[in-house]
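Here is the structure we will look at.
Which chain is which? They are A, B, C and D, in the order written, and residues in each are numbered from 1.
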Amino acid sequence: MSKIMPTTDPFDDDKLREECGIFGVVGVTDAANFVTLGLHALQHRGQEAGGIVSHDAEQGFNSARRFGYVRDNFTSQSLMETLPGPLAIGHVRYSTAGSKGPTQIRDVQPFFGEFSMGGAAIAHNGNITNADALRRELIERGSIFQSSSDSECIIHLMARSLQRNIPERMEDALRRVEGAFSVIAMTRTKLIGVRDPLGVRPLVLGKIGDGWALSSETCALDIIGAEYVREIEPGEMVVITADKGVESIRPFRARKPRFCIFEHVYFSRPDSIIGGRSVYETRRQIGVELAREAPVDADLVCPVPDSGTPAAIGYSQESGIPYAMGIIRNQYMGRTFIEPTEQIRNMGVRLKLNVNRALIKGKRVILVDDSVVRGTTSRKIKEMILDAGAAEVHFRIASPPTAWPCFYGVDTPQREKLLAATMSEDEMCAHLQVNSLRFISLDGLYRAVGEAEGRDRKQPQYCDACFSGEYPVEPADMIEKGFKMKTAAE
Amino acid sequence: MSKIMPTTDPFDDDKLREECGIFGVVGVTDAANFVTLGLHALQHRGQEAGGIVSHDAEQGFNSARRFGYVRDNFTSQSLMETLPGPLAIGHVRYSTAGSKGPTQIRDVQPFFGEFSMGGAAIAHNGNITNADALRRELIERGSIFQSSSDSECIIHLMARSLQRNIPERMEDALRRVEGAFSVIAMTRTKLIGVRDPLGVRPLVLGKIGDGWALSSETCALDIIGAEYVREIEPGEMVVITADKGVESIRPFRARKPRFCIFEHVYFSRPDSIIGGRSVYETRRQIGVELAREAPVDADLVCPVPDSGTPAAIGYSQESGIPYAMGIIRNQYMGRTFIEPTEQIRNMGVRLKLNVNRALIKGKRVILVDDSVVRGTTSRKIKEMILDAGAAEVHFRIASPPTAWPCFYGVDTPQREKLLAATMSEDEMCAHLQVNSLRFISLDGLYRAVGEAEGRDRKQPQYCDACFSGEYPVEPADMIEKGFKMKTAAE
Amino acid sequence: MSKIMPTTDPFDDDKLREECGIFGVVGVTDAANFVTLGLHALQHRGQEAGGIVSHDAEQGFNSARRFGYVRDNFTSQSLMETLPGPLAIGHVRYSTAGSKGPTQIRDVQPFFGEFSMGGAAIAHNGNITNADALRRELIERGSIFQSSSDSECIIHLMARSLQRNIPERMEDALRRVEGAFSVIAMTRTKLIGVRDPLGVRPLVLGKIGDGWALSSETCALDIIGAEYVREIEPGEMVVITADKGVESIRPFRARKPRFCIFEHVYFSRPDSIIGGRSVYETRRQIGVELAREAPVDADLVCPVPDSGTPAAIGYSQESGIPYAMGIIRNQYMGRTFIEPTEQIRNMGVRLKLNVNRALIKGKRVILVDDSVVRGTTSRKIKEMILDAGAAEVHFRIASPPTAWPCFYGVDTPQREKLLAATMSEDEMCAHLQVNSLRFISLDGLYRAVGEAEGRDRKQPQYCDACFSGEYPVEPADMIEKGFKMKTAAE
Amino acid sequence: MSKIMPTTDPFDDDKLREECGIFGVVGVTDAANFVTLGLHALQHRGQEAGGIVSHDAEQGFNSARRFGYVRDNFTSQSLMETLPGPLAIGHVRYSTAGSKGPTQIRDVQPFFGEFSMGGAAIAHNGNITNADALRRELIERGSIFQSSSDSECIIHLMARSLQRNIPERMEDALRRVEGAFSVIAMTRTKLIGVRDPLGVRPLVLGKIGDGWALSSETCALDIIGAEYVREIEPGEMVVITADKGVESIRPFRARKPRFCIFEHVYFSRPDSIIGGRSVYETRRQIGVELAREAPVDADLVCPVPDSGTPAAIGYSQESGIPYAMGIIRNQYMGRTFIEPTEQIRNMGVRLKLNVNRALIKGKRVILVDDSVVRGTTSRKIKEMILDAGAAEVHFRIASPPTAWPCFYGVDTPQREKLLAATMSEDEMCAHLQVNSLRFISLDGLYRAVGEAEGRDRKQPQYCDACFSGEYPVEPADMIEKGFKMKTAAE
């Protein structure tokens, strides 16, 4: 009768999921402790597993990989004592979309390789679009893969490089790799950071005391008390040592950057700073734009917690309609839960969210959410709100319709599962049975991130493939598996 | 160098902590599953441990008690299958303030006793103010206590009652008990609920299908899809069976009710309804009152997440100063964390909260928090805000100064640890080194909960002992241990 | 296809199982560590669970109870540090035969009670034959039982005693108790030991440095380096303090002792000394008697490991037939195992035992075992031996036929499951399909334990109820449940 | 005061330790369950960790690796269900002698590699004497090693082989490997077994139903009910499929075999059959030879449990001095234990062994042990026996003095730690302070294993390097690390 049902991490339901967060530090005492803190601050980028590699002059390289949250694994004294030394890097991950079966612990990064000139570890955020072809080639030559991860190609390419030091082997390897990658690596003495030529995924540099940190986002610099220095630039490699500081290299041919616009909309934490802009402020501004593009007469503006909050504040401020917490999130939500009987519907959502009934009753409610992926959660939330007696429900979405999968390091459903891949805005509104449903326009979104003129259709300023279907790097492996690119007609 | 430091559940830092949540249900299939859901919704009332007792006609009474969150313990199929039957009750708890040493699993409720006419289990929210005296008397007569809990007295008093059925034994027992108590109990067929004559702690009745539920708060009725029927009244006992429904009894002499006003301010969930009022709306109204009582010229109104949010919204709406998320809470906070080095200050707070630096810089910020207990967290938050470049910091507190400990089921520091016990409002402002600090007045608080005339000084409508020092029930055990009541002079 | 099958602790298969071992020590540093060692040496008396209570002047009483082996639970530094002080007692147990369902941790002894004059803990080896009646009476008076254990009666009787100190309350309680009991108890300063008037279960006194130890067997004195002083006598109570030493009391009317003869045959460890006799030597002597009573022409004498070994050595020495290890025991046997397919028969035995094929082939083999209970294992061993090519199989059993259940602290199958309750020796031989089967006679057994004249039929020197059906204490609870005593005709 | 002390697995104390046991099966339902049973029977060859790889047509290769006993890990239904299919291999291991730091789970075999023609897994018993050189060469070419194990070289050599099927790649790889190896490998359809040209380590073939099994020892064939077919011959490779049966290949140049004589003395289980001889009978015969070579007048012959037992029986039978269990082993011994105080000496031994005091007192005792390595345990046992009042203690050792380390898959202390490397027999006797100490001669040992003429000094029939210092394969890696071979003068 009853059964276990998988649910509902804070960011879990019907959301696109960032696959990784990476962090590294050099030149501090007990570097692995700092990496623990940094990964904790990046936990929203990957909740399934985490790993840390450290290096100590006496004890060499050490590593630990665990399933579950950073806070539950990398906080025991006994574990952290096995990770000594002034240099460490770490990684948090979601499961890879394409992998069959559950993640194995051997899939958890950082990956480590011993070369003739010493060892190196790498942590990768992004996705290699030619990984299948590279893997076949490497196996043919006699490499033995340990994981199902695309990222493992990098370390094998490094092992086979003819170069005589590790940073050069890394350049060598990354020139064979296509797709999106921000990589943090370490040797016995060096902390290395690289971004792909388009700079799809973020990577920032911080200063802490006499040491240096690399991180996916600035919020992880804040937690260790590091000062934000700058972003690693698209196509840049930095090689950092405790004594010589930061050396900058340009291993790739220069290209026009295409940073992932969805980092602004959803993936990054609101207290992070991207490209000099507050993510929170960008999201609030999206709400402002949305209120201008899609006004509606109503009594309350309510966020869908927690990711819709900044845009809802903006929408309220621009529209003058009062902001209210119409939906309350349970702070103690976990990963799985028992459904007591099949009669109890929508339990996955109800375990996490509850409607503020006394507030909502009889009101015309604007619900602001960050995105609609398959539409499953939106439908349940609408039902909760109506059950509580709302007079009208208007959805306002802080991103354009998500109509195309991401192949650059974000876990997306197959295209046919995306609601916007098969329905127009009006069809979605009818499907969800709400009084109105409006998405921000692509130009409105570009304005909110500071492009006053909106999107440059010839040379878009960002990667917005999930909205536009225009992929800046050809997804070679996926095309081989049958994915159809957007045609001229579409 | 590094060490484990205890931190910081969402509601943990420098807050008063409710000690218990209770829930029971009768007349449903697999009642324990419903109790799991109900306790999950009441988790904010007690996070240390939880227990469930169920009864099944064939398998009799069964119980399970576990440390940790409900979601992590009472969601495994294998455990829940050991708790069959249509009748179950449960309890979540914090550690008892007075207990020496860590909680033992035997301290976790519900408590169970086998009597000659059958077994009974009880779950207690509140605190028995004459428990020490009762325990001495019971031991003298030959009872063997298994726990250090005050609540165990009830089951021993029941075991020794001369009455021939369990509800009457329970009446008998509770007439010997002083203090605050909401109790849910069960026999083989009956679900029983009682509130003390003053009705200090909450207890509500819900209807689910052909069955009935009792709960500390209405939010736990929502999660199981039960309909809210009414509050159990102060001094009322209800005896509920699946077939005969709810029977109401009045075991105690009638008294004027004194519900805990802090349930409105902080303990209860904002989506619960108390006395017909939305808790969220009451808190928003506190913010409105606070803006009227204590206005200040500033750029932003920011809540201290998450409990300050409704009052901050109200303050913003009344004052016209924009509401903003100046402090961001980490969603993945756990219980303990390593401090990497002693140089990193304020880590306990920083692991949980991060300032939205780009937003705060150069701004005059009003921070709205629900209460100030020892003042430790307020001080750290102020430092974080100033480090991020705020021009001014103004604290507005949504409760009056907390100057007296609670002896009715809330974990409070000793009186001398309470900042307001030793300092005036101005002294606290100077101590915290902020630009201004203002608490809502006791009358303002009473207005926000709907008492248009404010507090009735002769016959206060609520228990507000923590603010006023006027205790509606004499704390006999504590006086014996040396606690000094408020003198006429104070 | 495959399934988990319960198996086969070293002493598990088709054996009678002692239900408890008890140990206590006073006057040493970190007494709980000594109790851990003592219980480890007594693990053969109870493998399901163990518990230790200690007392320290500053920290009062502390306890820990765990399922599983002593070595796996009571050896962690972190646990043992919670059990400080110079006085401690402990208990290892099997599950109680009569209990429905699995053992709960609350059934694990020592039991503890807080009385008005201080706390006391008790550990009980034996069985109370009037426990059901006592429990009913105590519940009627208002006691609340926490366990399903018969032993809990003792602590409740003590709680209700009118005496003003704990040893006297214990005397008071034990005078109400019928059956077999060796008890070790402790107060804040005293270690107490008692044996029932018949002295059915063992209890010995040892000296260690300035302190004292009480133990079920002498082998547990050896492991802590204590010197064996003497047995506690039947009907004696000793009250021991670190400074005043051993005080002896006689709380019961004197009776002729009836020590359990099966302790000599099987329960006790071969390196223990009982009544001044080496258990090993007694068992070897049983083999000698058996060779005289039941000679047979054969090639090899093989023990069924490990308990048949001493008798097999004796049989070989008396008969002149070479002793050999025809069956080898796997050292790494655990509690459960998967059966790969149903085709693989006898796996429970084969996981534990393997025949030494090259040795057995073509030989006439005498197998010496300690007892036959249901006959299930004997049959499987016979099949293994024949599969390996033995020419003949002769069973020689080092105890008389086990035809009656024990009600004095040993876990026995119901009478109808005992092979010897329904079959004669010849019928058993035919049932097991072996060339011959002979048990030692009751007189032969008495001779082996040193009674040159054999068994005194009028006043037997031992309790041998499991062989003779003559119960020295009436099993009142069992008779109430329908057990039929031996009739004059039988 | 107290501390955790590592002790004392049954075979742990001051013994040489076999490093591995291997087992594989093809052509049965749920092959992994059979491997679990087989590894359980081989647990004495390696207790630290175990691993199983299986292959199923639908689910491909699956693997599980765990620390601890087979019985505790590979017996859960949930784990075994992850290892489906008719073909599986497994491995149990001790830690590698040379490894720095604790074993990682990635060091646990079988090792797996994906090649362009499909995957393969290998399990290795033995030691590769040129592993360091091979590893350097492979890393130089770009292989990435995952473990610190010498055995991983084999799978990398296979990955780089130019051959187009896996058995041929395996031949290719093993021709580069020096040292001792018995290997079991599997592809998707084939079970493969190989022994090195000298046949140092054992490997046997069995038949089970329509399937086949490979095992280190015959005792593991017995447990699954398989029939023993024959030994894999030195230098032979067998390739087995369910449908075509066993194909035999000879990849290496033929050499005169040199099987490890210590397998007879100690490593193998007494119920195994090696070279057509019962291991038990060989050990008993060693006792007979020892009684002839080194007679002494005494009262009792006692084995040091359990490995000295067969030789003690033989010694008793040849000498006519009665065999007795003078030392009793605790059946419940585990891995670690707390030492209660420093005063309690010899606790490591006493937790495991106890003297049968009543038997030993006043007796002249011959103790028969299998070997003396560092002499530490022998000394403690002697003290225990004397403490118990023995009149004389005579050690008789069932192997010659162990004076040289093994480099072929056995964990031996460095040469200078071996008592016999620095002392003569008389010096050892004086060092141990016993009445006499005698080892069996090398010729006596050869006679006991069936070589009537004793050892052939020109072409020894066995590898006896640990006794003679004559290494049949040059230990190249160890010589590079500074090991000094025996000189002509020695």
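Everything below uses one rule, namely that a contact is a pair of C-beta atoms (placed from the backbone, for glycine too) under 8 Å apart; a residue touches a chain by one contact, two chains touch by 3 or more.
These numbers come from a predicted model, not from an experiment.
S.K.: Name, by label, each chain that touches both members of the pair chain A and chain D.
M.R.: The common neighbours do not exist; no chain touches both.
S.K.: Quick check: how many Å separate the C-alpha centres of chain A and chain B?
M.R.: Each chain's C-alpha centroid was found; their separation is 37 Å.
S.K.: Averaged over CA atoms, how far is the centre of chain A from the centre of chain C? Could you give it in whole Å?
M.R.: Centre-to-centre distance between chain A and chain C: 62 Å.
S.K.: Between chain B and chain C, what is the gap in Å from one C-alpha centre to the other?
M.R.: Averaging C-alpha atoms per chain gives centres 51 Å apart.
S.K.: Which parts of chain B, given as residue numbers and ranges, touch two or more other chains?
M.R.: none
S.K.: Please list, in label order, each pair of chains that touches.
M.R.: A-B, A-D, B-C, C-D
S.K.: Touching chain D in the complex: which residues of chain A?
M.R.: These residues of chain A touch chain D: 106, 113-116, 136, 139-146, 155-156, 159-160.
S.K.: Help me check something: in the complex, which residues belonging to chain A touch chain B?
M.R.: Chain A residues touching chain B: 1-4, 10-11, 28-30, 33-34, 36-37, 40-41, 43-44, 47, 69-72, 74-77, 80, 209, 219, 222-225, 269-271, 273, 277-278, 280-281, 284, 306, 309-310, 313, 317, 322-325, 328, 330-341, 343-345, 347, 350-351, 354-359.
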